[in-house]
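Shared chain: chain A. Partners: chain B in the first complex, chain C in the second.
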Partner chain A sequence: MAEKPAASRAPLRAQTPETVVALLAALLVTVLLLVFGSPNPARALRAFFLGPFSNRYYFGNMLDGAGLLLIAGLGVSAAFRAGVFNLGGDGQIYIAGLVAAVVCLALPQAPAVFGIVLALVAAVAVGMLLAGVCGLFKYLWGTDELITSFLISAAIVPSVSYLIVGPLRNQQSNLLTTERIAEQFRLLRLLPPSNLNLALLFALLLAPLAHFLLYHTVRGYELRITGLNREFARYGGIAIGAYTAVPMAISGGLHGLSGAFAVLGTHHAAIQGFTIGLGWNAIAVALIGRNHPLLIIPAALVFAYMEAGARAAMLHTEFSFELGAIIQAVIFFMITAHVALPRLRLHLRGRSTAA
Partner chain B sequence: MTETPWLQLRGITTYFAENNVTANDAVDLDIASGSVHALVGENGAGKSTLMHVLSGYISAGAGRIEVDGKSIQVRSPADALTHGIVMVHQHPPYVPGFRVWENIVLGMERTGRAGLLDRRTAADMVTACASRYGISVDPHARMNRLAASQIHFVALLGALLRRPRLLILDEPTAPCTEPEVALMFALLRSLQAQGTSIILITHKLGEVMQIADRVTVMRNGAVVATTAVAETTAARIAELMIGEESEIIDFDRRLIQALAGDRHAAGVTGLHSRPSRALPTARDSTLELHKVSVYVGDLAVLDNINITAQAGEVLGVTGIRENGLEFLEDVLSGSIAPDRGVVLLDGKPVKRYSPRHFRHIGISYIPTDRILRGASMDSTVAENLILLQRKELQSGGILRRKDIAAFTEELKRRYGITGVLHQPMKRLSGGNIQKVILSRELSGLRKVVVFSEPSWGLDLRSRDLMYSEMRALRDEGALVVLISADIDEVLSLADRIAVMYRGRIAGILEAQDRTRERIGEFMLGFQEHNITAAGDRSNG
Partner chain C sequence: MIFNAVEIMTPILLAALGGLFAELAGVLNIALEGLILAGAFAGILAGAASGSLVVGMLAGALAGGLLAAVFTFFSIRLRANIFITGLAVNLLAAGSIPFISTWMFGTKGVLRFPDLPRLPRLLEGVTSGVGFIDSLLFGHSATVYLAWLLVPLALVALYRTPFGLRLRAVGAREESVIIAGVDAVAYRRIAVLISGVAAGLAGAAISLRLGVYLPNISAGRGWIALVAIYLGYRHPIGILIAALLFGFTESLAGAAQGLLAIPGTVLLGLPYAITVVAMITYSALRARGLRRRRFIDAHF
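Our next item is the complex of A and B:
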């Protein structure tokens, strides 16, 4: 229409290039850090860009990381899409991982399928419970799910760490870890000696499934409408209360699944801090993928690549561990600053005018 | 006005590549100093775009702007301001939590020592300016507490503080009550007397005749005519707006007559060829509000309302804004529950007050707020259209793509919606957004339909479609409630008219005894105690 200035539709149209710009900016800062932070810049850059492809071990681990990010990223977007925010992914993944490990350790003699299914169900359930409760509180009392999910997660992380280094610790190991789960529960490795396992294939099936549910079902339609305009959804007779609690629970469940796979597929034990950061990185992945289930696949791959590159640069040069962590932080900040802030501002403005 | 033009636009051309629209096509415009120049045309004629170019919000692809014969560059609103050009938008942007004075001084903050905002000076400046122009507004009120018309006056005040030589107003009277329109016009006249030029974008030809010196008519991005108001008639202007080459010329002729003269005297019946029907209409329904009260704090914003509407009639509810119309809209749509009293449909009290339940029992509703409530602007047009039929267009929870395509194409064709079904709703013009809402609301069982301010901001054609739909619904035996602050609209469409004043029904006028004057008296509360139809007030 000719009557509105073009600015009104600028933000959405500009989003795709902005995502690319954010990624390039993150890459640039990373390169600068490597060049100026490393005594041997050429080696560091080489390790960063080519490291993930240099052998089966690194390559497989990168893909494995992408799988976990993909599942958690789908979890983040399940809530985002309904207009609610699950900031507690980190804690949900961590505790779900522990629960999966405990289930397996409690039944060392159980048949493989039974133990795996039980561990997955338990992990998903605990994730659903933790996030769902935040959605339920929002529905009942209007508490801000952004705050509650974050706080619950912040309390859970040290609690889980305590259990791993305390009562559940494997005294024989030098690591702060539980005992390793029995052989039959470990998912098939696809690219030994790397950690890549069946979970990746599962994740790759999950994304199209999520896409189908979101775009081809009535529930998905109602969820998207609720996320885009709550007042309109209410006006149209959509039960918006349900679309507060349920998407949060689904989000938590997917985070739980990601945590379970980190144990059953990747690490075979719950190690202190083994999934820390995954929940936050999943937010960045969901944002890069614009909360679109199919776009989250390449987003997870790109993010996992940058993460793996940073790790390779760290291992192959005198690059310190802290700088590796800084690179990850830079990536996260660049993405959230470019993509999330305008959305978050919109979200907060919506709240203040509604109040 | 015979002065030499102070401002000249020459060959302004604006092209939006993204939707391939030439919004302005080589437009010339002369503005004399100290004149009121009206700019009229249907939605999408390019009026606002032209003014956005002049005030620096968008840049034109070609053309030049001259002030006092010298060419100027307007690249931003700040550039425009240096030449004394200020625009007040149709929907003025504001910061919700800010106070009135904070909003007004935004962008022209005067800082005292240590860079601190000098609050008192700023607030005083605002108060002084407001009283000079007879505007009553509390400079310390929070913006989000103000009515739409007050927000307009605040925006106007902000513009005046910047001492404009040219003030551009985009539909300034749209949300205003009649006294507010009078106030605004008095203000414009005093500005004019001081030598300020004014460009007024409006849909209301009566206002053009009343206040403007000259009028420019735009159509499809081009200027059709510019003429002195004294030398033309409203009918001629309406004719120019619609255009004579139109294929449905007979319809336009009658529409032009209707618009130029008294709308309800001419009657707007059946002008538009009515869309064919495929879905049923329920008959014999009744809708009753029984002793309904709604409180905000201690204030009864709806005070013991008793009305009954029957199938086959249009019940009009009118009143000055802020007298309870908006709360009535919310109660009738299930958005809020009355604190006292009940809503009865077909003699049975409704079970729950939620839009979901109201939809379930057959009450359709076209809301005042089309952007926030009536549509999801980021969803596609098709997704907006299927909202009410989503359960019918699925099997086993899965949406049937083909049926959805057929259903939405059908609505688009039947209601003449211009736009692409898979594009976001926000690409549509205001008139088309309302058509989407209308077609969706009438796509289910037509039993009770509540229209709230259905014609706000619509052009002539879309408005006429709306009116003929409303009449058709009534003739089919549906029950129609029309909530509107526009007296003429209610007079021309409603069978009975309830007038609200301070949250009460001041009177219900039957067909024989309704006139503009009578309604006006009820609206202003003069007639309140004489009436019989207002019902029992003993427990109110």
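Our next item is the complex of A and C:
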């Protein structure tokens, strides 16, 4: 089996040019596609750049999206940092969202805190289970977690959709959605009429917590060393087996959390396909943030802005295509590439050695 | 049912045979899915435009090869992370095909090509007298025989030529190959290009057989092919058996759908479920085998 290179080796500052180049490339491709693919390029571009700031509704929704991306992005990096890949985020988020909705719908009379906590715990548990088994198989038999996590996720997505549009469907609604959860479980909205809610604040607290765990605890240190060099870690007496299964489970749990917040905070129901794509976006966010918990905050904001802009551009031009997927593809191509930028790199490297 | 299984397995076999070259050269090519998609789209466009299935197949192969070239440019030339760039290829195919489709045909949905010639069936009417063998061997689409032809071809190329020896050596022991003066990077690039061409052929085989292009027409076959490489013990004959096994389970599941009244949406996930179960079982058995061998080595 091919060796997986560690997600990030070089110090953060030396990677700055690549990140900037990747984001600029994504921006350039987006602009080109809007110019050549839209009947009214000026309006499309205006919508793309300014759309997310045009009113409270769009702005709040963008921030809400950033919060979900931040949590899921932390989940992606939890696995990346230990040198394992969780490619099943999309399915983990989706099923966790459904589980959170089902818990709330099953207990319509329950007190708010009890219901919310139970929904969050159930969603996290489902995510942990789905990703954790992949880590466990990797630990036990060396089964490639990258492939199994993707396949398990792809296998369950249709079943989740089936449950939402079939047995659990709200017959009164025109949308393919479950019933809405009871009022008391809905997280406080911060910027009505937008979807922005308390989940964003929670996400913003989670990032420093992850940073602390990763950089200021022994386990975090051991996890990072395992991710950088498994052989070295084993030689140093680190139980690398544990750092295969546990980070995968944590990664799945964070994805699950993101899915639960999508229900409790954003949509108040599980809608068919409502989180599809979030898992892949989170991978992009983790990469832009170089798998560094604090850098993932701005990364999530930047990505949420580009995504909201793309959505606004499409709304205004009556022209639809998968701009999001193309933006992601460009970022994925560029973000780890060693692009030759001799002057800029030399300049930055000089600074980092001086510092 | 056996007849169907053979038809279903063909694109998996084609993509897995190509992917084997990459795998043996040390590249886990997770871009197969996107490469198949590109081949399917380009194949049916060129086939419909030219009215020739051969041109369609060639265009599919070309599209797969070109996208694989982009893949190697980033992953090997620019030394980007190969898994991330592999995902990028998948996303690029999934994102840009609807764009091209909207631009050319005004829709990103189903594309029908009524003028496209039908894929010919070969050896129709030939019979051995045994029903089982007949449905396994005769009367299939031409692409099935193309895939079968590629099995011995891959076998010879990988195990009976200096090229194959070096390619396998690049994957198994890169340092010694470099010391021996072989350009390991070039071999790895060629291996990925081969897998791109084969995946493109697989895609064209899917769309030309159906005569329509559907969104997400590859339906996970790239991932299944990837698992088939492992299940086939990284050997062309093994891959043939693994692909047949996948084809058979899938056609069996399709037949069971009516009997058990499983909802159609749930079944969309079935190929993935079968694949992951197969993969986990395989690795568990293999791990046990390895442990036993190590035990024997140590004690006797």
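What we mean here is this: the second predicted complex is superposed on the first by the 306 of 355 C-alpha atoms of A that agree within 3 Å, B and C clash if a C-alpha of one lies under 4 Å from a C-alpha of the other, contacts with A are read in each partner's own complex, and residues count from 1 in each chain.
The rule is short, and it goes like this: contacts are C-beta pairs under 8 Å (C-beta built on N, C-alpha and C of every residue); 3 or more make two chains touch, one makes a residue touch a chain.
Just so it is clear, the structure is predicted and the values come from calculations on it, not from any experiment.
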Inset, instruction - In the overlay, answer first, second, both or neither for which of chain B and chain C A:Tyr94 touches. - result: neither
Inset, instruction - Check whether A:Phe333 is in contact with chain B, with chain C, with both or with neither, and answer first, second, both or neither. - result: second
Inset, instruction - Figure out whether A:Phe232 sits in contact with chain B (first) or chain C (second), or with both, or with neither. - result: first
Inset, instruction - Using the touch criterion from the header, give the chain among chain B and chain C with more contacted residues in chain A. - result: C
Inset, instruction - Check the residue A:Tyr221 against both partner chains and state whether it touches chain B (first), chain C (second), both, or neither. - result: first
Inset, instruction - Mind working out whether A:Tyr305 is in touch with chain B, chain C, both or neither, as first, second, both or neither? - result: neither
Inset, instruction - Return first, second, both or neither, reflecting whether A:Phe185 touches chain B, chain C, both chains, or no partner chain. - result: neither
Inset, instruction - Check the residue A:Ile147 against both partner chains and state whether it touches chain B (first), chain C (second), both, or neither. - result: second
Legend entry - chain A residues contacted in one complex by chain B, in the other by chain C: 1-5, 7
Inset, instruction - Sort out for me which residues of chain A touch chain B in the complex. - result: 1-9, 12-13, 216-219, 221-222, 224-225, 228-229, 231-239, 349, 352-353
Legend entry - Parts of chain B lying in touch with chain A, wherever the complex brings them together: 16, 18-19, 21, 23, 43-44, 46-49, 52, 57-58, 96-97, 144, 221, 333, 335, 354-356, 359-360, 365, 367, 372-379, 383, 386-388, 390-391, 394, 397-399, 401, 424, 426-430, 432
Inset, instruction - Within their complex, state which residues of chain C touch chain A. - result: 23, 26-28, 30, 70, 74, 78-85, 87-89, 91-92, 94-96, 98-99, 102-103, 108, 171, 220, 223, 226-227, 263, 265-270, 272-273, 275-276, 279-280, 283-284, 286-287
Inset, instruction - Would you pull the chain A residues touching chain C in the complex into a rising list? - result: 1-5, 7, 33, 37, 85, 87, 137, 140-144, 146-148, 150-152, 154-159, 161-162, 165-166, 280, 283, 287, 319-326, 328-339
